[in-house]
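Look at the two complexes coming up: subunit A is in both, with subunit B in one and subunit C in the other.
Up next, the complex of A and B:
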């Protein structure tokens, strides 16, 4: 049953989740909109295309302590710091970012191994997606199995109706979360349908990814990768802001006799990522590293988990300091000629 | 979280002191029972405050009560580990990865080819195979193991013992010495009989001899193990593998019967951190054991 919420009552609604709940939403800080927990004095903003950072940090923080340890004399003691399952409310996630949760779920929570740190946060969260009435020109979500009003990965989908929000539950969790709100009249629901279908048409950027996984196998040794990565600085901005990038590093941090083992975001764009202790590096050139990123997202992830690890949010395009455009490269890949595999190595 | 273990024994394993063998004992019996492993798997050796290293398990699950690892001194973690002594505690996380496909190999002959300190998980497999409960399931076992010089061969005492057995054939070899015109065809050390360098396949192997002078690929050619109903496991430095594979192919081994154990930089060991992949396969969880046939389907990214 769809519900209505006045924008002026949003704060009150979010507070209704309780003192214990962690609320994350789009907030404006010095002209840039981030997806984060609002600090003292900050409040939600609806005036944005998409947030600078991806909401993946809610379940997969940039830095996370896995466990602690300390030394007592000659003996080490490990302390299980448990898993953070504080209830979280993610309010105002764009559908592309919501879909990223579905994509990451397949990696972090599957039949082989479950990542308990991710799972604890994910299970105790409620995701309110906010449909895009005005997509931007770098969005290409419809090309990667998503859309401005897509519903994957979310519990509730919201539509901005000006002074009010329409909230439609997508599952039981979503229904429960909005049960206390007044029902939405038929007229408002009709308005949403118009906005949603128009929004789809407003996505100007289209990328044809039909047959890309097979193509990527064929051109593994193609010189295109060197050309593509010529400008790449290896800064890693694309990986840090990408909603589906999930690579991480594990490091020990020690202060005198106490320490903790932490998990931090890492990036395949850095040369150190695959450096062996012997000094050998299977990916010495930036072209090889760039190839890994594209292959991983558009080929290997499809093979391993059945979906493309890209949601078309466009953050990598907007934030790349040297204007590398993944859409352009996908186009080049599509048209590249098959290369015979190098013999032996 | 890693299981706490105590170092029971720490011994230098090679004359260049770069390798040390550690026997580890679990502090908690429950952990020991939980750590059920197979030959070919690895574990992350965990030094709190320094980090972790993925190291192949050198002991066989048939050897109860301890885990053996032979570790090369390469970086921060392994350097610290080398400085540790019997009685010190550390952690072990695992077992991880897949293992040598011994089920598929049942009823066949097995050829094990190792070089340098890649022999660790091969030791695990040999001990496992020689265990009375398994030996009967397999045919001939041939082992070719080479290093630059005798002091760099691991597990010397055990190799001597195995060489005396009649249910396993051991061929140990060391590198030729080099003169101004190339390798010199003579024993590089006393007792290490040179093979026929120009035509290894025509070497006549003296009965009972188990120490030779030869490069590993040449030794394999000289030993000429039959490829009929046989499996080959090859573990060693890239250059050894590169030249051994053509010899095995010449002897008739097919890619789906040649098994390798690979390595890459790892962190999590369970296929989540994205680091150790070759194509869509993660070496930590889909490997480290792969057949040559499987590797031929993966991009050449190593």
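Up next, the complex of A and C:
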């Protein structure tokens, strides 16, 4: 049953989840809109295309303590720091970002492996997606199995109706979360249908990824990779702002007799990413690293988890310091000639 | 000279350089995929020289790419700040002068991308004389180019390249002397806590993507201090102290070497303004050693040199 929420009552609604709940939503700070827990004096904004950072940090923080350890005299002790299962309300996640949760779930929580740090946060969260009535020119979500009103990864889908929001539950968790709100009249639901279908038509950027996984195998040794990566600075802007990038590095931070094991985001764009303990680095060239990024998102992930690890949000395109455009590269890949693999490789 | 003439001249010089063998590759800018963006371009065939463009969107410091082309003959389109980075690199023996063919480009400033409407809602950006015409998905907006330049461009003193083999245009008027340090007056007299709070407000947004480091021509260490093991100097996570130390140490490593090209600020996805600390450090070097970055090829780098005249105050 669809519900209605006045924008003026959003704060009250979010508070109703209780003091123990962590609420994350779009907040404006010095001209940039972030997806974060509002600080004192901050409140939600609906005036944004998409947040600078991707909401993945809610379940997969940039830096996370896994456990602590220390030496007390002759004894080595380990301290379990537990798994944070504080209830979280993610309010105002764009459908592309909500879909990223579905994509990341397949990696972090599956039959073979369960990441308890991710799972604890994910299970105790409620995701309120906010449909895009006015998609960006840099969004290509419809090309990667998503859309401006997509519902993957979310518990509730919201539509901005100006002074109010329409909230539609997508599952039992969503139904429960909005049960206290007034029912939405038929007229408002009809408005949503119009907005949603018009939004789909407003997606200007299209990328044809038909056959890309197979193509990526065929052109593994193609010179295209060096050409594509020539101007790449090898920074981590694309990977860190990406909703689906999830590679990490585990390090120890030690001070005298106390230490903690920390998981931090890492980027395949960094030369250090594949540096072995022996000193050997299988990916010394930026072209090899760029190949990895594209292969991982558009080939390996499809093979391993059954979906493309890209939601078409456009953050990598807009934030790249040298305007590398993944859409252009996918186009080049699609048109590249198959390269025969040398014997012995 | 308008941007169109500069573009033609650059194309002509690039073509000539490749055909005559003065260079095996020309580093310049080409049209980007987004409106109002350029991409660094690496032209190796004379017939591709027509891909090169020039305009107020040259936010990257192309000298950053010189380290990727060691051993070959390289032509580079260098604006004022880029050319001073090249001088700094020459002084540090990171580039060989004989292998460089510098196409100097007098610069009237680069547009501050953050002052334009959201890239997601812009259809096109075009230059019309002194005006930037922005066609949005809904409506249009005009900007005076001079009014939306990057902060470092507004205070830039050296608009013309200080070193070149050939020039792609007539010199333009230089900017006011030492204006880059004017921003320091803002924090003059303010209590330390306030200045520190302002600094941390900036650095707290840092996501350790290292776009600043990678965009900077002077950051060429094979192993950056942040990536060092044994000893491990700083944590790789999001501890505020680690974010602070990363920015501080990177700025200190740039002492006497930073030309205020603004590439770091333009590259930063979080719009962190690190220029105040950099300006403070460069002013300190200038006051102590009378050295300005990237001007005099004969002058050795001040922090690599010790002279009998150096006072304790200077050195400490």
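The rule we apply is simple: the second predicted complex is superposed on the first by the 344 of 345 C-alpha atoms of A that agree within 3 Å, B and C clash if a C-alpha of one lies under 4 Å from a C-alpha of the other, contacts with A are read in each partner's own complex, and residues count from 1 in each chain.
We adopt the following convention: contacts are C-beta pairs under 8 Å (C-beta built on N, C-alpha and C of every residue); 3 or more make two chains touch, one makes a residue touch a chain.
All values derive from a computational prediction rather than experimental measurement.
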Item to complete: Answer with clash or fit: subunit B and subunit C placed together on subunit A by superposition.
Response: fit
Practice prompt. Once the structures are superposed on A, label A:233 by its partner contacts, choosing first (subunit B), second (subunit C), both or neither.
Written response: second
Discussion item. Using the superposed model, give me the angle at subunit A's CA centre between the CA centres of subunit B and subunit C, as a multiple of 10 °.
Written reply: 90
Fill in: Touched partner set for A:251, first subunit B, second subunit C, both or neither
both
Worksheet entry | Which superposed partner A:282 touches (first subunit B, second subunit C, both, neither) | first
Worksheet item: Is A:112 contacted by the first partner subunit B, the second partner subunit C, both or neither?
Response: first
Worksheet item: Should A:299 be classified as contacting the first partner (subunit B), the second (subunit C), both, or neither?
Response: first
Practice prompt. Check the residue A:62 against both partner chains and state whether it touches subunit B (first), subunit C (second), both, or neither.
Written response: second
Worksheet item: So, A:144: does it touch subunit B (first), subunit C (second), both, or neither?
Response: neither
Worksheet item: Between subunit B and subunit C, what minimal C-alpha to C-alpha distance in angstrom results from the superposition?
Response: 7
Practice prompt. Touching subunit B in one complex and subunit C in the other: list those residues of subunit A.
Written response: 249, 251
Discussion item. Could you list, by residue number, the parts of subunit A that touch subunit B in their complex?
Written reply: 66-67, 69, 74-76, 78, 80, 107-108, 112-113, 115, 220-221, 246-252, 254, 259, 261, 266, 268, 273-278, 282-283, 288, 292, 295-296, 299-300, 303-304, 341-342, 344-345
Discussion item. Which stretch or stretches of subunit C touch subunit A in the complex?
Written reply: 32-34, 37-42, 60, 64-65, 114, 118-123, 137, 205, 207-211, 213-215, 227, 235-239, 263, 266-267, 269-271
Worksheet entry | subunit B to subunit A touching residues, read off their complex | 1-2, 4, 48-52, 74-75, 78, 88-91, 242, 263-265, 267-268, 270-280, 285, 299-302
Fill in: Of all residues in subunit A, those that touch subunit C in their complex
30-32, 49-50, 52-53, 61-63, 134, 136-139, 230-231, 233-237, 239-241, 249, 251, 253, 262, 264, 267, 270, 272, 314, 317-319, 321-325, 327-328
